[in-house]
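Chain naming follows the written order as A, B, C, D and E, and within any one chain the residues start at number 1.
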Amino acid sequence: MLWTILILTAVGLVCAVLITLTYRFLPKEPESLKKAEAINANLPGMNCGACGYPGCFAYAQALSADKKVFFSNTCATVLQDEDMLAGLESALDMKVDKSALNKKAVVACSGNCGNVGSYTGVGSCKTASKLLSGFKRCPYSCLGLGDCIKVCPSNAIRINIRTKVAVVDPDRCTGCGLCVAECPRNIISLVPADTKVVFLCSYKDIRDIPGREKCESGCIGCRKCYKACPNEAIIWNRETAMPEFDQDKCTGCGECIAACPHGKIMLLSDVAKKIKE
Amino acid sequence: MSQLKEISPGKKFWVEFVKGIVVTNPVFVLVLGLCPALAVTSSIDNALGMGAGVIFVLLCSNIIISLIRKITPDMVRIPVFIVVIATFVTILSLVFEAYIPPLYESLGIYLALIVVNCIILGRAEAFAQKNPVLYSIADAFGIGIGFTVSLLLVSLFREILGTGSLSIFGFTLFSIPVLSETPMAFFIMPPGAFLVLGLLLALFRWLGVLKNE
Amino acid sequence: MNIVSRKPRFVSGLKLKENKKSEHSPILLIPPPSRVIIPMQMHTGAECSLLVQRGDSVKTGQLIAESDSFVSANIHSTITGTVKSILKTVSPATSTIISAVEIVSKSAQQQTGDAQDSDAAGALYEDEVVFDNSASIKSVEEFRAFLKKIDSEQAPGLIQKIKAAGIVGLGGAAFPTHVKLSVPEGKKIDTVILNGCECEPYITADHRLMLEQGMEILAGAYIIFKILNPQKVIIAIENNKEDAIKNLADIIKELGIEHIFSISALPSRYPMGAEKTLIKNILKRKVPVGGLPLNVGVVVQNVSTAKAIFDAVAYDKPLIERVITVTGDIEKPLNLMVRIGTLVKDLKDYFGVLKEKPYDIIFGGPMTGFSVANMNFPIVKGNGCVLVKQGEKLVEKNCIRCGKCVSVCPMNLMPLMYGTYAKNNMWEQCSDYYIECCIECGSCAYVCPSAIPLVGYIKTGKAVIARKK
Amino acid sequence: MNNSTSLITIFIGMVLINNMVLTKFLGLCPFFGVSKKLGNAISMGVAVTLVMLLASLATAIIHNYILIPFNVEFMNIIIYILVIASLVQIVEITIRRTNILLYNALGIYLPLITTNCAVLGITLINASAGFSILQSIVSAIGAGVGFTLVLIIMSGIRERLEIAEIPKSMRGLPVAFITAAFLALAFMGFGGLL
Amino acid sequence: MDSKIDETKLIDSGEVYIAHPPHIWGGFSTAKVMYIVLAALALPSAAAVYFFGPRALYLIIVSMATALLTEFAIKKLRKKPFYMDGSALITGLLFALVLPPRIPFWMAIIGAAFSIAIAKEAFGGLGFNIFNPALAGRAFLAICFPAAMTSWYLPAKWFVPGYAAADAITSASPLSESYIYEGTRAALYKDLFFGNIAGSIGETSALAILIGGIILIVLRLIDWRIPAVYIGTVALGSLIFGNDVLFQVLSGGLMIGAFFMATDYVTSPVTGAGRIVFALGAGIITLLIRNFGSLPEGVAFSILIMNAFTPLIDKYVRPKPFGFVKKIAKKDGK
């Protein structure tokens, strides 16, 4: 009995002394690592890589070195999560203006350009776009093979069954920008979350109005939206013959949407409806 | 855990208890405590014995850790937990050795390895050191029973397939005609343990238990 | 000295069904088309910027686009007419969107409606600079005289002429020839290989050219010889073109230039005509990964390019036309001398009807060519073949890891890995398995029992990796 | 006392026949957790082998010179775990403070090792087999090598499973378990190999 | 066939195919490969029936049918297309060929179903399995039913009139220690070569396997390296260990293992060098198990163990790319 207690105490004591000694006499651990760990606790931890760093911990290390990184390489997931953002703000000792960084992805194509032939290759936009012209008539069209769906970490993209075009659900989109980088046709872009209307066509060539050979519902530069706008929020770009929208002046009144003969203009909040079509 | 604060203490006891069995089933959902789930599930008896042992250790250690949670320095937290757990495991193994030697023999080193069972340390770390004693008891029971149920489930398949019959404490419940003569010995061997657990994991996922998480 | 070397060689590679349907039809000279569409990038390298505007009238051979970039080639108008429009099209070289210029001949503009082809063709020659297709060396004496003339010229001047003519490699890669011939300081070229292998099935353009214009090819080769001053020039021809080998050997013998030129008859295996494989099989030298043939002292030029070089130096004729093979499941497989920019559908009168449906319209050979959606695409400089083929719809199945692709790969790669990794977007692993080394010969996809479109995956992988860098 | 067993027998037995992971089910958490990438698997294997070696050495000394003479062998569990936990803590702090690169490569696995039943398991096995100090060391190295070997094989397989079209509910752990089942099955072929 | 083809029509009717190069295909499909392998296995199967009677045939049929049905059922369950590519049939046939002649049918059914369901489909089906399904099934049965899986019988002269199958004589496997051959050494070799000996139904006739294997090698469907190196290693090793080389090579499942199991595309390395490593490893493990292990036969386990190493071999033993220079590759890679 006595030995039991004695030995146990002795071993415990020796161990405790050893640990204390190592703890005391070895050099202190780097401060940055500690800080990075504290920051990492406030990151989502899904290591999606959208911020441009290989993983959340690497991002945390970068943040601990320079907190401005958060503005240049914003973690979109944190931005969506109140708790996480608050935690990160306190960990980094800074304030984030959420609305300025909050973005949504929009696929600027509304389909309808039709196929030029039956594509027999791999079911990936990147692969199809390596063919001479893809398999769609319009070289600026969404191929609809869903490469963006595969990379989306928040499951916000669907292919519209009718138009075979990818549609981003703004409610789910965190604006991480992975799909923007993925799209081989470069037709996905990030817009500020408070954008009111979006324009769903990327065609940049001079349009052949009577033949409309590329796309049945492509923007033909009719300028109806430009004329309809009561707030002068639409600027007509003469080079591309397409409208541009001044989001500050736009009130989201919907006049241009009603005016567009092909439904190319849409309220950002309505984009999600297209998914359910 | 934040949303549970409004619930009355009595109700929370049950919530924690049920959660331990189903939603956070240690073996099939949290995938913890794999070592005993594979090693001692070749028969129902062993599974029951191990389950009882784990419940005992989990309960005692949860109580003690919950009690001393405010006076434990953070730096030596883990060693303290381990010492507490190891003490109860030693007590347990002495009790088993004295009263049920056959079970003690068949559990072998796995009884001692309860010390490093991730479930116990994990609960100490994740729950007992943050919650008062009562909830810690509920948690211990919930997790412990969940663990025992998982062990029983695995051993059920392994014993029936591996021996062709099912028996508890030497009392044969039933036996399958052909299989009991030429049992599928594969299932009481190590590979069978991996296979059964793998398939059960897949089954649990397929049934959508994970979706509740 | 034996001109033709027939060393027995152990070569790896595929034995493909040759299908050289147009082998015996002579090169047909056709009148210029009434309209052409000329893309601004028909070569490896930077896109050219346009020198003309909408409504300008241009003449055949007039420079219409050039670029400041080192790796680029001039572009000339190939008919006389008016610039009708400047439009966007998809570059055959990079699959990116580039500008193109549409030129319509005056007669075609005046005569709306059903213009008689013969009339239009007659009208075309009115005020254009005429380049006679058949203007070439008629006799040995003429040839000797030409060689003398070349001997008196300097290399930089010759390269300048080639550059002005906008010549690119006509074998398919369309690498600007003047760049290839401008060997950097300190590099010594000891061998020039004239590539007449034409290892892909169906194509016969080079074959016919070697039969019909052997002297011009040799004269062009002599110009290359003069520029680079190597020890020897080897003409590589696969042994399924014995008549071409004999023709060239006879000419060499007659001219007595055996000390420079020799012919290497190679077994007919795919991909024999690929630069790296060719150098390995003839000279046993390995071009390093990421390197050029000149790293091992070799320059490879296609026989058609040699012919174009001859035209440029002898007549100052820019690259406005080339020989193409129109073949496949059509009525009349044939070889045509066509203007660059001619739309395929304008050639339909010559090759007749398509036989089977559905079609796969391919620019280039069956192994490396690319599908186009319709016949509204123009012939470009690097395009030696239009193949209209019955389309096969293959169902891609799981890779069974049979290793056939590994054993046929001329670059010693493991193509199956690209398929599996690309399918899962794991591009870094593709790069671990050296996807950059692939020459896209298509051998792997040809043998794959699971019909996996490996080349498609590889092209994608390369593009993604290039983008990430 | 079992001092007659030859060292080579102990080693091969620990590596192939009584493999820690495949027959004794020890160290499963790191086996499934760290076997996704080959590089991590090797680091983990090395770390575990190292800790096993140190722990076996320490516990063998304690067992043979303290517990047996004072006849308190029943206390082995608590003493061992104390020693192992302290050992791991010391190693972790040392690596973390002295070599940050090594810590990034190896250190993140160290907390896992504290609760790795393989380490406690090997010391208990050594104690119950009555091994001498030298035998304990060999047995620990064998166990570590066996663990590393299986971990490496598993990581190779799992890199391939990552690109396989596994049924959805089986992806990840379930199929890893089934793979382990086949590995265990294949390793049964080594039975009696001494 | 109208002579005027309207391009606009062509475009919309989907009559133009757009595909990546190459536009021609060798046409040697997976199914073709599989059926040729099946045909090559016909000879060993015939030998099995010749030596072990109609029961061997039933065993083959039961096992192939189970394999096919299991694959079909699982593909339907997973809502994946089911291709009649013959891979399940090969698994079923190979599995049957390595069973003892008198194993109960229900055991064969369990084994075949295990092969397909667990060893193959759980990993994702054809092309993704890590372990050779037929061998995994056999190893499973060997552990499950050790008694049934090791009761061997001498070949029965069932086709001789008046011979009752019930009189089948039990015998030890030639490789086990208790095996005694009554006759000359030469007669033993002859029996081993032609297959007139106790063993699994398909593995006894070395001749039949050799013919089938050589056909496949000539057709370039299997790589000669694997059987050559595998058998060579075992032969050389036997020589070193002082065993009877010819006996070691011809007896047991070595021949069928080397020609038909180890050469399985999916579970063996893809490169030539990798295949040599694979076969070498399998040979060494076979030797170890035969000479030191408690099991008489090690082919199945050695191939399974090397299957586990295959991903690593594929990762590290691979050909040097053409013109590979380390410096340039580094620059390109990163």
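Here, a residue touches a chain if its C-beta (ideal position, glycine included) is under 8 Å from a C-beta of that chain, and two chains touch if they have at least 3 such contacts.
It should be emphasised that the depicted structure is a prediction, and the values quoted were computed from it without experimental measurement.
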| item | value |
| --- | --- |
| Common touching chains of chain C and chain A | D, E |
| Per Cα centroids, the chain farthest from chain C | B |
| Selected interface, D-E versus A-B, where C-beta contact pairs are more numerous | D-E |
| From chain A, the most remote chain by mean C-alpha position | E |
| Approximate Å spacing (C-alpha centroids) for the pair chain B, chain D | 22 |
| Centroid spacing, where centroids are CA-atom means, of chain C and chain D in whole angstrom | 62 |
| Interchain centroid distance [CA atoms averaged], chain A/chain E, Å | 49 |
| Rounded Å distance, chain A centre to chain D centre (Cα mean) | 43 |
| In chain A, residues with contacts to at least two other chains | 12, 15-16, 19, 23, 116-118, 120-122, 127, 130-131, 135, 137 |
| Residues of chain C engaged with two or more neighbouring chains | 358, 370-374, 391, 393-394, 398, 423, 453, 456, 459 |
| Where chain E touches two or more other chains, by residue | 10-11, 14-20, 118, 124-125, 128, 140, 143 |
| Touching chain combinations (by label order) | A-B, A-C, A-D, A-E, B-D, B-E, C-D, C-E, D-E |
| Residues of chain D that touch chain C when the two form their complex | 162-163, 165 |
| Contact set on chain A toward chain D in their complex | 3-4, 7-8, 11-12, 15-16, 18-19, 22-23, 26-30, 33 |
| Chain A residues within the chain C interface of the complex | 116-118, 120-122, 124, 126-127, 129-133, 135, 137, 139-140, 150-151, 184, 204-206 |
| Contact set on chain D toward chain E in their complex | 38, 152-153, 156-157, 159-161, 164-167, 170, 175, 178-179, 182-183, 185-194 |
| Contact set on chain B toward chain E in their complex | 178, 182, 184-187, 189, 191, 195 |
